[in-house]
Amino acid sequence: MTDILWTNLCSPLCLAFVLGIVARLLKSELSLPRDLYAALSIYLLFAIGLKGGVELSHTSLKEFLAPAMVTIALGCFTPISAYLVLRNVCRFGIADAAGIAAHYGSVSAVTFIASQQFVSSMGYPSEGFMPTLLTLLEIPGIQIALTIGAILTAREANAKKQLDPSGTEEPKPRPMSEVLHEVLTARSMILLVGGLILGFLMKDVGYKPVKPFFEDLFKGALTLFLLEMGLAAGSRLKDLFKAGPALVAFGTLMPLAHGSIGACLGAWAGLSVGGTTVLATMAASASYIAAPPAVRMTLPQANPTYYLTAALAITFPFNLIIGIPIYMSIARWACGV
Amino acid sequence: MTDILWTNLCSPLCLAFVLGIVARLLKSELSLPRDLYAALSIYLLFAIGLKGGVELSHTSLKEFLAPAMVTIALGCFTPISAYLVLRNVCRFGIADAAGIAAHYGSVSAVTFIASQQFVSSMGYPSEGFMPTLLTLLEIPGIQIALTIGAILTAREANAKKQLDPSGTEEPKPRPMSEVLHEVLTARSMILLVGGLILGFLMKDVGYKPVKPFFEDLFKGALTLFLLEMGLAAGSRLKDLFKAGPALVAFGTLMPLAHGSIGACLGAWAGLSVGGTTVLATMAASASYIAAPPAVRMTLPQANPTYYLTAALAITFPFNLIIGIPIYMSIARWACGV
Amino acid sequence: MTDILWTNLCSPLCLAFVLGIVARLLKSELSLPRDLYAALSIYLLFAIGLKGGVELSHTSLKEFLAPAMVTIALGCFTPISAYLVLRNVCRFGIADAAGIAAHYGSVSAVTFIASQQFVSSMGYPSEGFMPTLLTLLEIPGIQIALTIGAILTAREANAKKQLDPSGTEEPKPRPMSEVLHEVLTARSMILLVGGLILGFLMKDVGYKPVKPFFEDLFKGALTLFLLEMGLAAGSRLKDLFKAGPALVAFGTLMPLAHGSIGACLGAWAGLSVGGTTVLATMAASASYIAAPPAVRMTLPQANPTYYLTAALAITFPFNLIIGIPIYMSIARWACGV
Amino acid sequence: METHPVILLTIVAEHVLRERLLTEIQQAGVRGYTVYEVEGEGSRHRRVSEVLGSNVKIETIVSAEIADKLLSILKRDYFPDYAAIAYTTSIQVIRGEKYV
Amino acid sequence: METHPVILLTIVAEHVLRERLLTEIQQAGVRGYTVYEVEGEGSRHRRVSEVLGSNVKIETIVSAEIADKLLSILKRDYFPDYAAIAYTTSIQVIRGEKYV
Amino acid sequence: METHPVILLTIVAEHVLRERLLTEIQQAGVRGYTVYEVEGEGSRHRRVSEVLGSNVKIETIVSAEIADKLLSILKRDYFPDYAAIAYTTSIQVIRGEKYV
């Protein structure tokens, strides 16, 4: 196991992430230009989609059905489990609990990719349709947690108002449909889903001429992206103290729980060891691309320090460095290998 | 023919363009960062130039002479034919007609590349010196149309003034030489012509080490670029109604006419089927990189909605999806294949 | 020799640089978007570091020791020799002399890369640990020159004050430690040193999947970067007159002197012809990434026109086009080839 | 040159509000606006720009009534929970009728 | 700290005018300027930024006379056909002589 | 809507000063600031942006005393050797207590 951990730590991805953290701790001025960061994330999401779409064109619906069902089940379960733990065990307020739960109910695309790379470097390539599962898992978790948050904070506000009717004027609440539209047409969705459909339509013959761009460069581009993520995580490290031990415990134990459940469900649905590991990682991961703006817009009372620190500075490095190898061990056990 | 159309539509280029349009129609927030767009266009223009220059170093002057003559003839003819049709058939005002004609007299680099890719995927590679023809065709059309516009609007203004001498003070007109300098030293010219000369000087031996960057990545980068062009075209779609049916008819029939003439002249000048198709496409295409700023600066009275909508939302998709295959059919007929 | 010069001039790097100068002289609006420039420099520095680190993991400490010593010696000698010449021969003031000397005591990463490419294209590949030497040479020169400048300008200011105690209030001087921190954690240092360590840790096995990104694209990306450097140099050309003949002489003769000393020391330390050439080039080159901001912040009295013109518009093109082939000749002689 | 006094309303707010604020000012009847990306720190001191983008600055030349209306909306719907500030400056324009 | 009143002239215009306006203000004798890229919408409501770039904002601290001169030029040569606005603000500086 | 007059201090300076000036204003006790990248030319006419980056513009809403203090610091430590200007504008805010 330590062997696998060490190999994983010496992968370009983990190393670049650590370099980013160290640079930030040294107070270096290093930072990727904003447009480069945006360009890399567009490239990465579109490339995952394209590749996944091309692979999907080789897949029969039958293989795909059970994993898809299981993924949607995970997307409905994880935000609720996360909310309940946050509210009842970690004692967060309604808005904060719902805000954090939206992140853990969704999925981190970079963690997804890192697990894909890891399993195939370990000799267990994952199924071609995994990116499709990624898109299935991305949205429901955010919506469910935000709905919980919106309903319960409204009820709380009403209760307060009845006690003290002379309170200040309330801000106009935002219609849920607007939020759903924003999440469904967010950049990451369009690129992932659009890429999937394009890949599916262009097949291998169309993909071949663009492969040097979208596939051969992928890992290098991802390395640069992780450097930036390390910088972002590094600048959040001091918030760990503000966040408190409850959040740190949540950010490491919740992924282990979600990851184990994901691994069992994946194996049950007939995924390979690689696919099971990747599904477990998705369940365990916390979104930090799609979830933060959605939460910020809909639940402004939730403190961003909590959800960003948990997703970016606790759970992301935990999964990247320790989590993924653990989920693979569980997946091997669950798949009976 | 529908077969060819379908293959063309499922190429990464067309698909990415359509994805961009769809994303815009869904009101997605997706957009490429501005610097990425600029970076891609610099890369694409410079790469076309370099590649063309390297190929040019294999070409004898003799093969090149007739096609070059024919290209210059097209560059002088198309702006005038476009102006006359716009003014007399479509009934546009002087400034608007001249502004639109400047776009159709020049050439769209991306349409050029798409046709190059298309013919070589169909087994008819085009001549190596085509990018040289591209640069020959880019400038004259803009200059001729702008000169027509400048002279005729000045005459019109004078006529008005004599009728009503108490009119408001006239804006100072801009010297034509400034405009010519701007067009000749525009980014796209420097990159194309500079690339051509550099490629010519560095030959295969110098090109080889930079080939993975400038050639292998080319189609992937172009796919991303077309995504952005789709977004831009999508946001102009609703202007189609403002523009009216005359503009839509012009934007599809004029390219067919210019394309047919281009194909005949190309075949007559001894180009291969591939080269003839590409020349026809150039004649049929409308510029939207070099022409718009030149027209905006020199003929501010011309309404940008007309020329941008025509070039970007009508003629570009028409050529990309339907036009190029048609021009190839004509080219095959004209070349007697 | 003219043969070698011509070959060098027709390399993509030199040609792109010349194209940039020409574009600027033609007053073209061409310029790389700022974020593309930043992205390219991040990419190039990180890629040099990574590659160097991977190579370093194959190197024994023994081979490396003597070249490292010699490099540090050069890092201490060149800023002092440059300062003395500037102050006593070229008659610059203290601040200006120290500011320029900081640039010549440090090293230009792009000149370094160009020399690496040149020697390997000539059949004399340089040692794998050269990037390590680059990082050793980058800092000391800047610090030494700035320290000289800070001490001597303070002494001068004190002397003035004693003559005329009623002078205006002095600006608060900046602590040297802050400057050292800035230079040590500058973007270029983090990327180079970080890349070296990452490459060293990931070894060939980790490097392989990111190689298409960091190695195959390297020369193409560098070509684009040199286009931008040409634009920057071109816009400084008219400052050559303001700068005067002393600076032009300094900017060409000082590199020759430093290059010759570097070549002798390199050969003496046992480097190959390639490595000796590269070391000589480093000694001869003038920094324009790390040095300018450090000098600007610490010695604001030094006129940036002098040091930027010298480094960017005189010494950089001189080394790129003429210097490197000369240093290789000296290196061949010094190594007895 | 004869000039007219009008009001320039400036809003600086966190980036997620960009589209909402632009809709808000357009609904209030402004005749135009200028918008650009900025960075900043304020009472909320949230360093969240890595993921949530930095700030957005919106400037709009308006009549006193519209400025007032917009300030009330900002006070009610945005100042309590979001990072946002607003201020007005008196400026002079030559085409007064263009902005009211 | 003793301060002096001067005028800040702000121009927002479509991007193709950038170099022309900078030449214009320099010919009018300004002592400096600050310029940056912005986006915006106004009476001309043209969504042309995909191809023509967005807007440019130019700020220059000037004397009242130069402000006046520049406003007349803008009114005559630019406001009729181009997307462009301009306004002036009264500001205070400590080195009054630097700007006139 | 009741508004309060406060001062907006604007600094435009060469890019290397960015972190130093932000530290400076925070030490002077400002409650917030907004910062963005600009380009410009002034009396020092240095076209050094290729290598040294362009300019930075810092805006901070402050009380008159802090504005005064900051202007003196700028005058002593920055104006002599660096490319930098500063000016103040009177503005109106609705939450006066937020800025002092």
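In this document, chain identifiers A, B, C, D, E and F correspond to the written order of the chains, with residue numbering beginning at 1 in each.
Here is the rule we go by: contacts are C-beta pairs under 8 Å (C-beta built on N, C-alpha and C of every residue); 3 or more make two chains touch, one makes a residue touch a chain.
Note that this is a predicted model, so its numbers are computed, not measured.
Novice: If you apply the touch rule, which chains end up adjacent to both chain A and chain F?
Specialist: Common contact partners of chain A and chain F, which must touch each of the two, are C, D.
Novice: What chains touch chain B and also chain C?
Specialist: A
Novice: Just grab the chain with the largest centre-to-centre distance to chain B, centres being mean Cα coordinates.
Specialist: F
Novice: Which one of the chains is farthest from chain D, going by Cα centres?
Specialist: So the farthest one, by centre of C-alpha atoms, is C.
Novice: Averaging over Cα atoms per chain, report the distance between chain C and chain D in Å.
Specialist: Comparing mean C-alpha positions, chain D is 46 Å from chain C.
Novice: Which whole number of Å gives the spacing of the CA centres of chain A and chain D?
Specialist: Each chain reduced to its C-alpha mean, chain A and chain D end up 34 Å apart.
Novice: Just the number, please: Cα centre separation of chain A and chain B in whole Å.
Specialist: The mean C-alpha positions of chain A and chain B differ by 42 Å.
Novice: Name the residues of chain B that each touch 2 or more other chains.
Specialist: Residues 29, 33-35, 39, 212, 216-217 of chain B touch two or more partner chains.
Novice: Find every residue in chain D that makes contact with two or more other chains and list them.
Specialist: Residues 36, 89-90 of chain D each touch two or more of the other chains.
Novice: Go through the chains and record each pair that touches.
Specialist: Per the contact definition above, the touching pairs are A-B, A-C, A-D, B-C, B-E, C-F, D-E, D-F, E-F.
Novice: Along chain B, where are the residues that touch chain E in the complex?
Specialist: Going by the criterion above, the answer is residues 169, 171-172, 231-232, 235-236, 288-289, 292-293, 296-297, 300-301, 304-305, 308, 312.
Novice: Spell out the residues on chain B that touch chain A in their complex, using ranges where they run on.
Specialist: 10-12, 15-16, 19, 22-23, 26-30, 32-36, 39, 117, 212, 216-217, 219-221, 223-224, 227
Novice: What part of chain A is in contact with chain B in the complex they form?
Specialist: 33-35, 38-39, 42-43, 46, 181-182, 185-187, 189-191, 194, 197-198, 201-203, 206-207, 209-214, 217
Novice: Taking the complex as given, what residues does chain F use to touch chain D?
Specialist: 1, 3, 6, 8, 31-36, 61, 89-95, 98
Novice: Using the touch rule from the top, collect the residues of chain E that touch chain B in their complex.
Specialist: Interface residues on chain E, with respect to chain B: 14, 16-17, 20, 46-48, 50-53, 76-78, 80-82.
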